[in-house]
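Before I ask anything, here is the structure I am working with.
By written order: A, B, C and D. Residues from 1 in each chain.
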Amino acid sequence: MEINGVTIEDTFAEGFPIKVARVTITAVTQHWAMVAAQEATGFGTSVIGCSAEAGIECILGGDETPDERPGVNMLICNMGYKNLESSMLNRLGQCVLTAPTTAAFNGMQEAEKQFDTGKKLKFFGDGFEKQAELCGRKVWKIPLMSGDFIIEESFGAVDGIAGGNFLILAQNQAAGLMAAEAAANAIGRVRGCITPFPGGVVASGSKVGSKYKFLKASTNTAFCTSLREDGVCTLAEDVSAVFEIVINGVSKEAISAAMKAGINAACRVPGVLKISAANYEGKLGSHQFPLHVVLE
Amino acid sequence: MEINGVTIEDTFAEGFPIKVARVTITAVTQHWAMVAAQEATGFGTSVIGCSAEAGIECILGGDETPDERPGVNMLICNMGYKNLESSMLNRLGQCVLTAPTTAAFNGMQEAEKQFDTGKKLKFFGDGFEKQAELCGRKVWKIPLMSGDFIIEESFGAVDGIAGGNFLILAQNQAAGLMAAEAAANAIGRVRGCITPFPGGVVASGSKVGSKYKFLKASTNTAFCTSLREDGVCTLAEDVSAVFEIVINGVSKEAISAAMKAGINAACRVPGVLKISAANYEGKLGSHQFPLHVVLE
Amino acid sequence: MEINGVTIEDTFAEGFPIKVARVTITAVTQHWAMVAAQEATGFGTSVIGCSAEAGIECILGGDETPDERPGVNMLICNMGYKNLESSMLNRLGQCVLTAPTTAAFNGMQEAEKQFDTGKKLKFFGDGFEKQAELCGRKVWKIPLMSGDFIIEESFGAVDGIAGGNFLILAQNQAAGLMAAEAAANAIGRVRGCITPFPGGVVASGSKVGSKYKFLKASTNTAFCTSLREDGVCTLAEDVSAVFEIVINGVSKEAISAAMKAGINAACRVPGVLKISAANYEGKLGSHQFPLHVVLE
Amino acid sequence: MEINGVTIEDTFAEGFPIKVARVTITAVTQHWAMVAAQEATGFGTSVIGCSAEAGIECILGGDETPDERPGVNMLICNMGYKNLESSMLNRLGQCVLTAPTTAAFNGMQEAEKQFDTGKKLKFFGDGFEKQAELCGRKVWKIPLMSGDFIIEESFGAVDGIAGGNFLILAQNQAAGLMAAEAAANAIGRVRGCITPFPGGVVASGSKVGSKYKFLKASTNTAFCTSLREDGVCTLAEDVSAVFEIVINGVSKEAISAAMKAGINAACRVPGVLKISAANYEGKLGSHQFPLHVVLE
């Protein structure tokens, strides 16, 4: 299979289950909603070493938000609902409550699982917090020095998927990175998913396990072009850099759509030679996304 | 005391000791160095609920970085060297190693305290990591799919100060926020310090303690203008919003310089009525920054 | 009439006819498409002193562009088709052809009026330019040092409208500016229109004519709050700053939709006191947009 | 000569005389100063088809501006003082006067040549403009709806140089563009110069003349890799894309420093094969910048 002259390998991406919550942040301007969302989703690339995997799903106009102000949707992901609830409390409490002019709304009202994050954060009001209704939503008004902070009482979460991915094999680092950026641009337009790594791009794809027993994951040696002379690199001679795009999403459909959009975008960039995907023979996850199926 | 017609209250900011490390991140372009630094300093506003307090200190030209590429300095702060070492390992491992084209260098070579963060992260290379020297620095080359990641073996840290601050009392929320942004702009030009909150601004100043016994801090009720009718707000009638700027720094001098630059900038914004500072009668910290001294 | 407690004056905006062309710029990444569009629409606020009025209409995903790359739509406006044709030639030739990795496509294929801008710019190829077909479009491939530049042969334009507007009367400058930014954010999501002034905001609303005979327009003295003591300012006492949002669009419907979205957004910002509109008793233009009708 | 393994060709860049004015724009925040400067320097790549060549020289802290607010310096360039005066009047009048919260100051007080741009723009005040002194500068206060606009009476200009340049020959388009961006980042830190093309990069280097007699400049066919089969391209086989960086500056020293910084930065990007420069055997300009001298 080829797209725009780029070979699409007949392989699959391997994802694993994760819990996903969606939060709608609004603010006085688009800029300040984005500032809050960037802080709240920062240090959120992988649950291996971060307290959550998080990212910005989309920008929202005032016609799409409960309080008719500009907004941003973010997805926060963690292993198990208990961890996710803790992530929600800390990230909303430390990075959204503290951000100028923001409000925080439930982006998954319809989900079965609901956390009472707003009900817990209200205590910051020291007894002066007040319950209210806004557009049919139960919210809390917490008095702040800079004005009241509005937060919905509950925030929903669903069973989602982490680790959707594809690999961009390129003639050199710059071509691979441009293609990765173009892919992240394209995925940024697909709702229901995020690319949690810096700028949406993973520079350091990994394999499961290591020669060091204390490490669960280590560099994907077979794809490291600087290890050619060591006889470890299995890449074709013309490939000199590989970037990975990792996608978390609310559903199999969202991740498939994101992979399709991202791969199509990457294949438009000159210097991209091949698209592949990372899997671990089922050791990592239960979800498989065959590239040729996703791209149909 | 007045600046540009704005009253500067005769009070002081109260800071507390914190450990501070500096990391220089470089990348192929300024953009990608900034992307990595933003991810690595995210979710880093307050150690109350974040695993560190972190922020971007300054942008660096290629003439200021070890590998002559564009760069960014970030400061990472935590209570005690043990916590800080853990923050360094996780934030560099998850957000800089994973970011495209980056390298990470010790921004405090001269400090007595040094962490071997690079030496620990090198294991990701699965045995193929190699030691090297770069501009007289001991570094590790870790092979990645997208090229080698260069990281210095050691990263230094010093006794710094957190909680430097001032308060902007304004006619309304917009004036206070514009002034806070102008202050953050000005502090962004002072080396040795960061403003760890979202966009450099705190919307939710707090007091120590709460009527809820399980809470260590709660909203600064005396400064909440929506609590005027409750008889709790002690602000003058013409003030309707207060923003706080919080500053962490490597030294008393850095924080003093930042406070001076920030206050001067805030006082240039129409609608700013008064500058004050947050202190807790010595309950919180051992460092005092009297506004009138700082502004001399 | 009121929105969110803000009075909407019973007046109308006065627009005038202008010719409008739409150009789709694509590039390797969203960033580079935006860089080209910003350069090409710069120095384009008002035909009084600029060679065109121009702005960015919207961002496009690869699913919306002819070459499936990320893109940006820009609108270029001028008085009369002859002037507009000249603007197209200069702005595309100097700012898009010269921009890295871009292509330029006709955003109004269906329009009756078509300029042969691509056919004229092809001569830059010095005889090596080649005609081709791309997605059913007639394009020219112009060889450049950095790769071929693709430009469609023809670019369409229509009879549009300039000068759609509204005024934001605010408690102070900061509140007015925040509201103006929120309004520009909202209008940025409406297709078929642009806000050509810097950041989408006009700081210097004008009246027709002046005491100086050589000037066609001068500051709108009746709305200048610093002229209160001169007895010229007719604004209510509580207003201390007024910003104007000016909108150009492809149709009456586009401008009406933009005004509605913008006014609604502005009225969400604390410190906004009143919304009005600029008209010149029919001296300037033939199009009238009554606020109460537009907001229905 | 080599830098980081990249060959530096023994050739020279050819520049030509141009007149250069510097304007300091300040605003309430860094963001709004930049918004004004971007609009005012837009559509300003080449005097072949633009009404000026313009760009942003540097960002200024409040400690570097006359009114102690955040600022931006821009350079505006044109052929002859008469043209430049006209550019100043139009660009300041249409893009800075109209921009929210801005002020405009003379960035070349010491220059012999001074335009009375502020004195001419003051008429917009319709008789209510007032003269004042600010930090020893003679300024005009023009009443606007959003507050007074402050503009200095005079703006200085000097004999400068346009067309400083170098060429980046790369393995592919992405590597060339990354290197060009890194070069523009580096030059952005050198005072006294600008890179007027979109994002600081020229995609369409040209030669003097054309087979079409009505064209003064056409694509640099010898460097177009898509013309290899036509036998016109003289580039080595491994080069597949060339980008040009064009620099205008206030002096020979500024341009030399910018070329040095930019070339050094470009040579740090993998995939860059060679650095050259554009000259026209003296047909274009009187200033020569030999690469080997500039890089000493």
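Keep this in mind: a contact is a pair of C-beta atoms (placed from the backbone, for glycine too) under 8 Å apart; a residue touches a chain by one contact, two chains touch by 3 or more.
Here the structure is a predicted model, which is why all the values come from computation and not from measurement.
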| item | value |
| --- | --- |
| Higher-contact pair (C-beta pairs counted), C-D versus A-D | C-D |
| Of all other chains, the one whose Cα centre sits farthest from chain D | A |
| Separation of mean Cα positions, chain D and chain B [Å, integer] | 34 |
| Chain A and chain D, separation of their C-alpha mean positions in angstrom | 39 |
| Centroid spacing, where centroids are CA-atom means, of chain C and chain D in whole angstrom | 25 |
| Where chain B touches two or more other chains, by residue | 28, 31, 147, 173-174, 176-178, 269-270 |
| Contacting residues of chain B [partner chain D, same complex] | 28-31, 61-63, 67-70, 147, 178, 181-182, 185-186, 189, 261, 264-265, 268-270 |
| Residue numbers on chain C that touch chain B, as the complex places them | 31, 170-179, 269-271 |
| Chain C residues touching chain D - in the complex, by the definition given at the top | 28, 32, 35-36, 38-46, 48-51, 54, 89-91, 93-95, 97-102, 123-128, 142-149, 167, 173-174, 176-177, 180, 197-199, 201-206, 210-212, 214-215, 217-221, 223-227, 230, 232, 241-244 |
